[in-house]
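Residue numbering begins at 1 within each chain, and the chains themselves are lettered A, B, C, D and E in the order written.
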Amino acid sequence: MNDMRLTERTVNANDIKIAARKVQVFYGTTHAIKDVDVDILDKTVTAFIGPSGCGKSTFLRCINRMNDTIDICRVEGDILLDGEDIYNKKVDPVQLRARVGMVFQKPNPFPKSIYDNVAYGPKIHGQVKNKAELDEVVEASLRKAALWNEVKDRLDAPGTGLSGGQQQRLCIARAVATSPEVLLMDEPCSALDPIATAQVEELIDELRENFSVVIVTHSMQQAARVSQRTAFFHLGNLVEFGETGQIFTNPRDPRTESYITGRIG
Amino acid sequence: MNDMRLTERTVNANDIKIAARKVQVFYGTTHAIKDVDVDILDKTVTAFIGPSGCGKSTFLRCINRMNDTIDICRVEGDILLDGEDIYNKKVDPVQLRARVGMVFQKPNPFPKSIYDNVAYGPKIHGQVKNKAELDEVVEASLRKAALWNEVKDRLDAPGTGLSGGQQQRLCIARAVATSPEVLLMDEPCSALDPIATAQVEELIDELRENFSVVIVTHSMQQAARVSQRTAFFHLGNLVEFGETGQIFTNPRDPRTESYITGRIG
Amino acid sequence: MTLGLLAALVLVLAIGGFILGRQRALSSAKGDLRKLHSLPGYYGQTVALFTAVPAFVLMAVWLFAQPALIETRVAKLLPGEEHLDLVMTDVRKIAEGLDLIVAQGYLSNKAISDMRADLSDIRSRMGDVGIALGSNVKPTVFEAAKSYRSLNHMGRIGMTVAVLAVALAGFASAFLRIQPEFRARNVSESFVKVLLIAASLVAIATTVGIVLSLVFETVHFFKIYPAADFFLSLTWNPQFGGGSDLGIWPLIWGTLYVSLIALAVAVPIGLFAAIYLAEYASKKLRAIAKPLLEILAGIPTIVYGLFALITVGPMLRDYFAQPLGLGTSSSSVMTAGLVMGIMIIPFVSSLSDDIINAVPQSLRDGSYGLGATQSETVKQVILPAALPGIVGAILLAASRAIGETMIVVLGAGAAAKLSMNPFEAMTTVTVKIVSQLTGDTEFASPETLVAFALGLTLFVFTLILNIVALVIVRKYREQYE
Amino acid sequence: MTLADMSHHRPSLYTQDARTKARNAAEKRFRIYGITAVTLGVLALIVLLTSVLGSGLGSFRQTMMTLPVTLDAAVLDKKGNRNPDEMAKATTITYGKVLAQALEAVVAEKGLAPEGMKAKEIGSLISKEAPAALRDMVLANPDLIGTTIEFNVLANGRIDGFFKGRVTMESAALDSNVSPAQLELAQALRDAGMLRLAFNWAFITNPDASELRPESAGLGVAILGSAYMMLIVLALALPIGVAASIYLEEFAPQNRFTDLIEVNIANLAAVPSIVFGILGLAVFINYAGLPQSSPLVGGLVLTLMTLPTIIIATRAALKAVPPSIKDAALGVGASKMQTIFHHLLPLALPGILTGTIIGLAQALGETAPLLLIGMVAFVKEYPAAPPEGFLDPAAALPVQVYNFTQRSDPAFIERASGAIIVLLVFLLAMNILAVLLRRRFERRW
Amino acid sequence: RDQIQSAGSSTVLPYATIVAEAFGENFDFPTPVVEGGGSGAGRKKLCEGVGENTIDIANSSSRIKQSDIDTCAANGVEEIMEVRIGYDGIVFASKIDGPEFAFTPSDWYNALAAEVMVDGALVANPNKTWHDVNAELPEQDILAFIPGTKHGTREVFDIKVLEAGCEATGAMEAFVAAKGEKDGEKACLALRTDGVSVDIDGDYTETLSRLDANPNAIGVFGLSFYQNNTDKLRVATMSGVVPSTESIATGEYPVSRPLFFYVKKAHLGVIPGLQEYIDFFVSDEMAGPEGPLAAYGLVSDPELAATQEMVAAGTPMGPLN
């Protein structure tokens, strides 16, 4: 497996968006991520799969330094975005996060109106000139997240009064609204019905044309459908990483094989 | 479809655990559930499916009166548990909820230790005689929820420090610990990997031997695998309700058909 | 039996009830908790509550009703008395004195019933046991006192019997009802709920008490001083010998001005401190700084007052007021406001800090995840979510500012003035309530009674402010999750 | 701006673009405001504390003199039968003379007196408290009569002030109560080792003293009175406040009446404390007939005054607990009460404690309402132990401070600051417990 | 209750505490409880009724008013003893390092009144410095701290200084002519409101602190306060007389007032020690010219012997004249 990654890196060197090297994460004394090396390519969808608690969310949160907010969390190793170390002192996590957006595992809409939830990002980044433009961005984002039809009549209602799946889509819309270069999505479809899921997957496909997307999912089918490359985590280790097709059809590691053939979710 | 339900009801009359009649739910002025009639049988797994925002969670929360906690929520119609109206003045919602347990859509562990999270229910219901028995119940519940191996060494750690899927399983363990007669599960496997999902499904199967289980899921496969009966909600209406096999193979309503054949999650 | 003893007895019964009730529940379930409707402790609680609460309620009602009942009966023995109230005071005192005489062993009960006012010097006898009487005792009054005393004794015995009976009955009824199916938790929780309601009624009772204790003297005041002058006049100039101008506006103005300046100091400092402590500061710094700031609320106001008088006042005068040509007074609204602002910082900082700290982390994560800076997160997500609590804290601080006296007296002076200049001496309603009430003037003069009218007016005034605040908070309230 | 536009510029992470710079500057400013606010608060505290400590620490040290005193039977026990009742006829005035003579004798013997000093001036170096102390000692132990004892006496307040720097030779020249000669003599006595500054326990244990003897004034009665009142306030205000908050926040139906209670409580917080004094006078003293100047009445009044603060803080804290936690508890079949007592209250505890700390701090330092219920009194007798003591007359610390600051003898200014220090220590002791508890229960979710 | 309770004037308070303390030390009775709160409040408490729950003695720095007596009577307090314990002198003082002042009531009137006589006409007060008021006074801005209207001292200041000055400068006459008898006299007491005259609602320590903050101000103090702070204050003469216990006792120094306490006669013989206490209070040992009260600044009453007799006999006061 290592070989494969090495070759790939040389081939696509100019296309590597994010490179993680020997990343270790500790929660207090718990060693949650062990020595992970991953390259995330530009204009590609990368899927992280693995059993619950294996460290997918933890690793994802490293990529935009969201782990900074957890006191007991300590990150070691290097993560490079476009060749620049994001844990470098000079890096401003704010700027980083504007470029690397995130959808969290648990939907966390702000206790504000639906409109304000989506408008929040563009506003703080000064991406819109006026209200009309903002309206446009909000509508576009909600449409992309397949929520527009359900909420267009109640944009002023609080985002917290939505159903679970609606909240999840609202969070996706919120993240998309700021047009990040990399979008990290932690189980974005877990609360969505098949149709909504399909729409979000379409969105991901569309995003891939310009950006890179990392998606954590428990659904092998989803991983297979949307991603070009898949990483399999197990107990904090990156067990296998490669072309999605190869991982699913021809896993090299026995653990990967037993996981994906376990049963289909 | 109506005919079918009527015949079934006469046949299994003695087996009806929960009967809902003309249930209407309003959030303020929003009409979230419209005139729903459902019979939930004893020793059966019933699946609720339907697009996001169609009212599945809302209806589920009616069954153990969790909607009481939402100020603006108003419920009309009758819901009978073992033939008794649960919205009757004389009914103590606490007693009701002890009999009708619930796993919420968003995992919500108490900010307490993992052990205390699970032990809480048995303790307040006086279901255990002593600490040893409590320990047993906690272990058994965590095992059932397929979490025991991951947390057995850190039962004193806070439940909020778990991964998303772990939190979800913790909430399942917490609900199972009090052995409710009816267990309402709102997307219990949304954050779980296939193996954990399989274990939870096994648990559901096991529970069915004695109790009734209602599960909300977005996965048709899961509904097909675990449930005997399936209800399809759409825009607050109960569109179709019947044997799972029939629903999936031979839906009577065009909406049901288009939903389940849409694409597979 | 004394009241204390009776109360103690009921309490003992209640505690016994708890233990026995719990045991009975356990044994009725044969030690199997699962058979019980509720946890065994609830059965105990139910018995204890049934024993104690009705008994104490009865006791309270009895203690309240008995004097009134007895007094109406005794009053019938005293036909044609002019100041019945006054005479009843004497009756009560004589009865009390007789009790003392018996208690100290001077006379027996029998001797007392034979005693006659026209034959013995009751007044001096009363004096011997420390009961002061204003004048000599009339025979009718003495007879009334004797009957008052015996009625009282009967009442007391009746109460003891009744209270114990109720306690025992409550005990028995709850105890006997204990079966596994008995819904002890519901019963005891309903009881607790009643207690909770009672606790919130204390606030209502306090308000009623305040209004009642102000309203009579206020009415009295308006009888001797025209209300129109009080509410419409723009001068406040009490005179020692009468003929004062008692217009409230200069005082209201002073109150508002001082409070506004104090809030202008405390709200930004307190809020920024709260934000800093909750969001930025290390745990250690927070653990130290927060209690330190809280000490500010506990420093006696006289210290602040002297600080204002000696340090802040002259400084403001020398460096601001005089160079700007705004006056030469060392006491000023500004001085008092600044110093008072310091005092109320912890009301804003500590309470807001707790509320901000309670905002779920997931909201912060959501905002940071979008690339918001910490300050943007605070301003746009956290503060709106914490708004109701913060407004409550600010209102509390404002309330404290309105009620403060010492700092105003020493910092702003005692002169009531209507002026826009913050470097002038002014004063507040509260200061004048205190000074008029504790002054050297006659109590029945308008100069003293005005204190009550001021108190009542301020009460209504702040009530209106609070209603406005409530309406505003309701409008902007955000509920998380 | 579309997604495509964004992809073109890929600024380096190491350099901040203009907007980020501006935002970071705003962030920095915000942070600085925060630090400034905390610093300002702490600075104000330091300034206030320094001034209090600077002027008050002196009261914990006091100038004492040791004198050989001959207890002459002819003066103190004229009948000679050592009967305390008879001996009591010798008043403190007589004892004062005995002490004055004793000092004069020592001064004469050692030749310490400066030129031209009058005998009367020597005697007045001794505190007016000393005769009473000596008299009590002799009456308690009549056998001392006829012996010579080494007796510790307090020095007069002005002399004490001299050693603490409050009184100087220059000021004494102008002062009608002390002369430079007396100060010289005091210095000589100190050099002779008869006069020293020692830790002043009496300041903490003694009752108040009159204007003539600031040096013996203490805080004993006030400390007891304040402690009793705080006990009452804590025992009543905390449970009632929390209970009321629970009802209002969790049970009360949303209607006009609840709104009324809510507004009403907020308004009670704005009622000037003196009005609570009016209420206390009307209700507890005039109506219920409780005794004047008693800690019980004081405690009740302060309870009513503190309640709104605790209720407002508790309600805010309860409101801040996320509803999902309530849902979780209700979902496993906990009753509302259980949900509240098992989950909500522990999570709201930090806020409740904050309210309690602030409420108690306010109650502890409050003077105005006590003015009206007779707690601003000169009380020399200690109240008894509770519960009877709750009904005995007592003073309170803030009132004692207020009293001290009104006295004309400047020595009381130092005592006032000393009393404030004791009050702050009192407050600190109460706070530490609350802070520890608060830290234990604080968590984020 | 076994201890005596008294309340009232803060001016009398220090004397009462001195007596109470000595009483507690030398008698077998507990030390009386002495409360401040102001004369008016003290008299009100006295008149609340008879009995253990009410106070025994009200200290007062002014004579009881008819309205108080009526309240008393309405509440069953019929017999009250009025005991005059001595006199309180009121002095005018500035910081010790400032210039000397020699005042007359007219100076004060011309300095503080709202309207003064200039060239035979009433005009708004134009005076800025003491020198403007009286050419013999130093060139110093006028700033005076006078007792607030809640204080008994203010009444004395109003009558003995302002009214006297008003009359002496001829303003009174002009006022009466313009406004009639009653309003004319009242007009004498109207003070200027431009911050030159500052009311002090607190006590003399506050006035002293204010002098510290405003070194060229003049404050109004009680004699006893001045005597305890002679190293900080420079006292001014009034009409050429230096205030002292002697000059006040002889009546030479004009600004003084009597101090009283009022005893509820019904409590005599009931509250243990009450009679002994009031006897002790007015005894030569305490209130005499050599006693501790005088040492503290009380101007001993030349007619003390009559008072002692009255107290011993328990004579209640007659109607106010």
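Throughout what follows, a residue touches a chain if its C-beta (ideal position, glycine included) is under 8 Å from a C-beta of that chain, and two chains touch if they have at least 3 such contacts.
Because the structure is a prediction, the values reported are computed rather than measured.
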Joint neighbours of chain D and chain C, given as chain labels: A, B, E
Shortest walk length in steps over touching chains, chain A through to chain E: 2
Farthest chain (mean CA position) relative to chain C: A
Innermost chain by mean C-alpha position: C
Comparison of B-D and B-C by number of C-beta pairs in contact, larger one: B-D
Centroid-based (C-alpha) most distant chain relative to chain B: E
Centre-to-centre distance between chain E and chain C (centres being mean Cα positions), rounded to whole Å: 36
Geometric centre distance via CA averages, chain C-chain A, whole Å: 56
Distance between the centres, which are taken as Cα means, of chain D and chain A, whole angstrom: 59
Intercentroid distance (Cα basis), chain E paired with chain D, Å: 31
For chain B, residues contacting two or more additional chains: 94, 106, 124-125
Junction residues of chain D, two or more chains touched: 23-24, 27, 323-324, 335-336, 347, 371-372, 405, 445
Set of chain C residues in contact with two or more other chains: 185-186, 306, 360-361, 373, 376, 437-438, 479-481
Full enumeration of touching chain pairs: A-B, A-C, A-D, B-C, B-D, C-D, C-E, D-E
Residues on chain B engaged by chain C in the complex (per definition of touch): 92, 94, 124-129
Chain A to chain C touching residues, read off their complex: 64, 66, 69, 93-99, 101-104, 106, 108-112, 120-121, 124-125, 158, 160, 171, 174-175, 178, 180
Residues on chain D engaged by chain C in the complex (per definition of touch): 23-24, 26-27, 30-31, 33-38, 40-42, 44-45, 47-49, 51-52, 239-241, 243-244, 246-248, 251-252, 259, 261-276, 278-279, 281-283, 304, 307-309, 311-313, 315-317, 319-324, 335-337, 347, 350-351, 354-355, 357-358, 361-362, 364-365, 367-368, 371-372, 398, 401-402, 405, 416, 420, 423-424, 427-428, 431-432, 435, 439, 442, 444-445
Complex contacts: residues of chain E adjacent to chain C: 1, 9, 37-41, 43-44, 47, 49-52, 61-62, 65, 67-68, 70-71, 75-78, 148-152, 154-155, 158, 186, 189, 193, 195, 198-202, 206, 209-210, 212-214, 266-267, 269-272
List of chain E residues in touch with chain D within their complex: 1, 3, 5, 7, 10, 13-14, 16-18, 20-22, 24-26, 28, 30-31, 33-37, 41, 48, 53, 55, 96, 203-205, 222, 224-225, 227-232, 285, 292, 295-297
